[in-house]
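For clarity, chains are labelled A, B and C in written order, and residue numbers in each chain start from 1.
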């Protein structure tokens, strides 16, 4: 072996340098990996404990039961990455749900009723977006107004629940497409579609990159010539649209509209999004991560019901998990600050 | 250096703020392939003129032309489209997306409405190579140092059609090597015919890199000069409008006085790795200890370690022979050790509170929640400090955030001095302040020392440190290399000490 | 005249007054107060009594907001507090015994204090953002309350306990008197001691305050503890009123009404300067509006629509863009401030 050989041998990047490259490109994926890890741990643990947990039927049911939350989480991800927050989604979901039920009960065709309620969600989102962008209102307060509005409107539509008998809507939920022992409903397909579109938009369109830009440094984004105003308003409209879709899905799921729906659901969505790796300070996060977060939430819920324990345990555990994620996020930031 | 046509020219520029003219009838021009510096103390109108050129502010009067064509800029984006790009002091880029995106966002290569990441990364690699930068375009911007981020900002500028580049205080956060790298890039851009506006208060750097300098004073044009034809002392005269010798230099008693006295505070082995390691200092009453060193040598970290702002990883601090443990600024203040931060805005002034409330803040915090100072007594105390330090405007009920930088610094000093500390650590007290206020503060340091207060004085400007201090601790790479009596040393000697070991070794070899 | 208008309590007070006037015009009985057995009755009295829980929660919220924080968990703490108190009373065989009631109340307040301290710990020691930190309890708190009541709505029949919400003291409803006494105490402590100005300093610039030697951690921690205890008292009031512990309904949405009251009263959500008097007026405004809406025959479940409108009006009034419109509309005679209209980009050159 002469020195010449060594000199001309191709240099393969060491493991350490490959790790460094990965980290410098994808550091913000770490929290999402953690979420996936947790999901796996829960699955494995549940399987060991119950014996028949990881079955195609249960996993299919996971998507079925949480389709509404999945859709909400996508919209919430868009908003949170810009550094905002939307507390209205639970109430908007309830409002659009009961409105749909009422329209259908009144004889309106589903083809008209569904776009109408989604538009309703979009309008409330638009209101919030305009308040945030053009009137400098904090997203917190603006979406609070949206929450009040939607919740009140839900009761204006109807003070009590309304059953849905419309075939088209019920079809969305009752149809099962089977692949072996797995099944999926149209609502499930819809939810996954929303996730896919959301992820594509986020990563491959200027609109999506502008969202990250706003979350990273709004001032800089403006100086780069990106259209901040339109984007910021648009994310709230998207969140409203998602809430409308979630209203549709939930109404189909329960076969009725109920004005008391969705109380606290925005918190579930926020928890799922944070657990999925999105930073509440904005600028970092992934739609697919939020999907993982929703599945974490849903799985915990399933485990709780398997155990026959009270449903309130789900929120307690998710709350605890949220806390752990937040504390760890905080610790990582603190360590980076100290080094820097 | 083509003396042909100016690339950018602004004539009769006037901008009003209310009834006052921030700039009045100013003419300014930039030639292609030249580096031009804009000089003037705070309030001279520098930043206003820059804002007019970069589209942040509209002109109330005056004409701006670029390559002979008149320009009307309404927003910074207009300026960018015209080929005028700015690299700001605080890097105005996105830390959470990739380098390539930072360069191209807003102009990304697209295929069917979707961003073509591969092409974008390839183009980014090319642009970065032009600047001699070899970094991964897919890496997040935030994973790189400030110096690299700045160069990426420049890369963004040149990736579009760049004709004028404005660099706003680009070297504030860079070390010696990084400044050299930046200057290499600037010279590269000069070759391409870009006109460059270099804004900096480091006179050395201005003289090193700039071809031309324009001086403003009180919103009016004093003149435009070639740097090779203008002496430094003349430049300062033109900026200040009066003789620099007005700077009263404090007559320092030779350091042998009171040398027999024991130090008031001794610190051994102070370590807050990796920024400050194994530092020993002695503080004597009535003496000023200067701290000199390059950016990143550990000046601020040393100060923060001595005053309880940062936790010590190891080391001891002793006051009058007794061990002290400063786990918080509160504990240090209890022992009479006070720290004035270099970040006036984020760690100094409480902007919405009044001048009065700011001044009495530390005293009140010392007394605790349950022993409020009588309002009359508060007013008395604050008023006496406003007078003593010459804080202007002398309005106790103004929000402190509305004061100028120099006066805010004085408010911070008043706050700490009101505690009657025994050791006052001043971290960059004269940074970003106009020369008049700078001198006032330097003189104040002397007076305080004469009255028995011990001080630590930290500054990036070596001459200032040597002028003000009795002894100077020289830092390099987080360690104290030597502590010298200022009467027995010079700027060059200290510079030699702060030089990188490799240079020193080369010299020795 | 100008100084009166400029006073920061002017607009909230004017709004409240206007609302009262409108109500009085609509129904003269609004301002009618009758005396019976040494107790006052009337619409206004109802408002005062019903405002008590919100008054306490909003008071705590004001202090927390002043430190640049927020407490979203107050509704959940109310639920837990009510659950604890009622479990103790329901579990005892002497529900009418004052000692039992006192123990129940103290236990409830103790738990609330611990929950508040928990929030404060997360924010001031661990350094978590207040929205997130309190979100955890907001999410999980009601679940905890449900666990305490075993999933049921515990009811009790206890005269001393009922007195808290429905009893009278010196002509006025005890609940109102209690709330006002507490407001007075807190207000007094904040302004006569240095706590108020130190809290404002911490809210405006936490790091500068720390360097100046302010014990910021203690102040922030304390703020959340106060908010917790006050929410606990509100929880006792609420459960006393309905004689039950309803973990799902107790304090529902109250954090939002509290924040609205604080904002109405002139305290900024970004922290710093705060006004307790402003919050009091804000609470009374909200309560009066609620009463107005009910009088109009609107089902109470639909009242949030009106409050949405209130929130929008309030924030619009405070919005800088609306201020600019107003200035343009009414002539710029007073504008000495350098309002360059073009761009909102600040360059640090």
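Here is the rule we use: contacts are C-beta pairs under 8 Å (C-beta built on N, C-alpha and C of every residue); 3 or more make two chains touch, one makes a residue touch a chain.
If you're wondering where the values come from, they're calculated on a predicted model, not measured in any experiment.
Trainee: Just say which it is for the chain contacts: an open line, a closed ring, a star, complete, or other.
Mentor: Contact pattern: complete, every chain touching every other.
Trainee: Out of A-B and A-C, which chain pair has the most contact pairs?
Mentor: A-C
Trainee: Rounded to the nearest whole Å, what is the centre-to-centre distance of subunit A and subunit B, using the mean of the C-alpha atoms as each centre?
Mentor: That pair's centroid distance is 44 Å.
Trainee: Roughly how far is subunit A from subunit C, centre to centre by C-alpha average, rounded to an integer in Å?
Mentor: The answer is 31 Å.
Trainee: Going by the contact rule already set, what residues in subunit C reach two or more other chains?
Mentor: 345
Trainee: Tell me, which residues of subunit A touch at least two other chains?
Mentor: 219, 223
Trainee: Find every residue in subunit B that makes contact with two or more other chains and list them.
Mentor: 76
Trainee: Within the complex, which stretch of subunit B touches subunit A?
Mentor: Subunit B residues touching subunit A: 76-77, 80-81, 91-98, 101, 105-106, 108, 110, 113-115, 117, 136, 138-140, 143, 156.
Trainee: Mind pulling up the subunit A residues that touch subunit B in the complex?
Mentor: Going by the criterion above, the answer is residues 21, 23-25, 27-28, 200, 204-206, 209-210, 212-213, 215-217, 219-221, 223-226, 283-284.
Trainee: Using the touch rule from the top, collect the residues of subunit C that touch subunit A in their complex.
Mentor: The touching residues are 70, 122, 126-129, 131-133, 135-140, 142-144, 146-147, 151, 248, 252-253, 256, 259-260, 263, 269, 299, 301-308, 311-312, 315-316, 319-322, 345-346.
Trainee: Which residues of subunit B touch subunit C in their complex?
Mentor: 17-19, 46-47, 50-51, 54-58, 74-76, 86, 88-90, 168-169, 199, 309, 328-330, 333, 339, 341, 346-353, 357, 361-362, 364-373, 415
Trainee: Within the complex, which stretch of subunit A touches subunit C?
Mentor: By the definition above, subunit A touches subunit C via 85, 131, 134-138, 140-142, 144-149, 151-153, 155-156, 159, 219, 222-223, 259, 263-264, 267-268, 270-271, 274, 280-281, 310, 312-316, 318-320, 322-323, 326-327, 330, 334.
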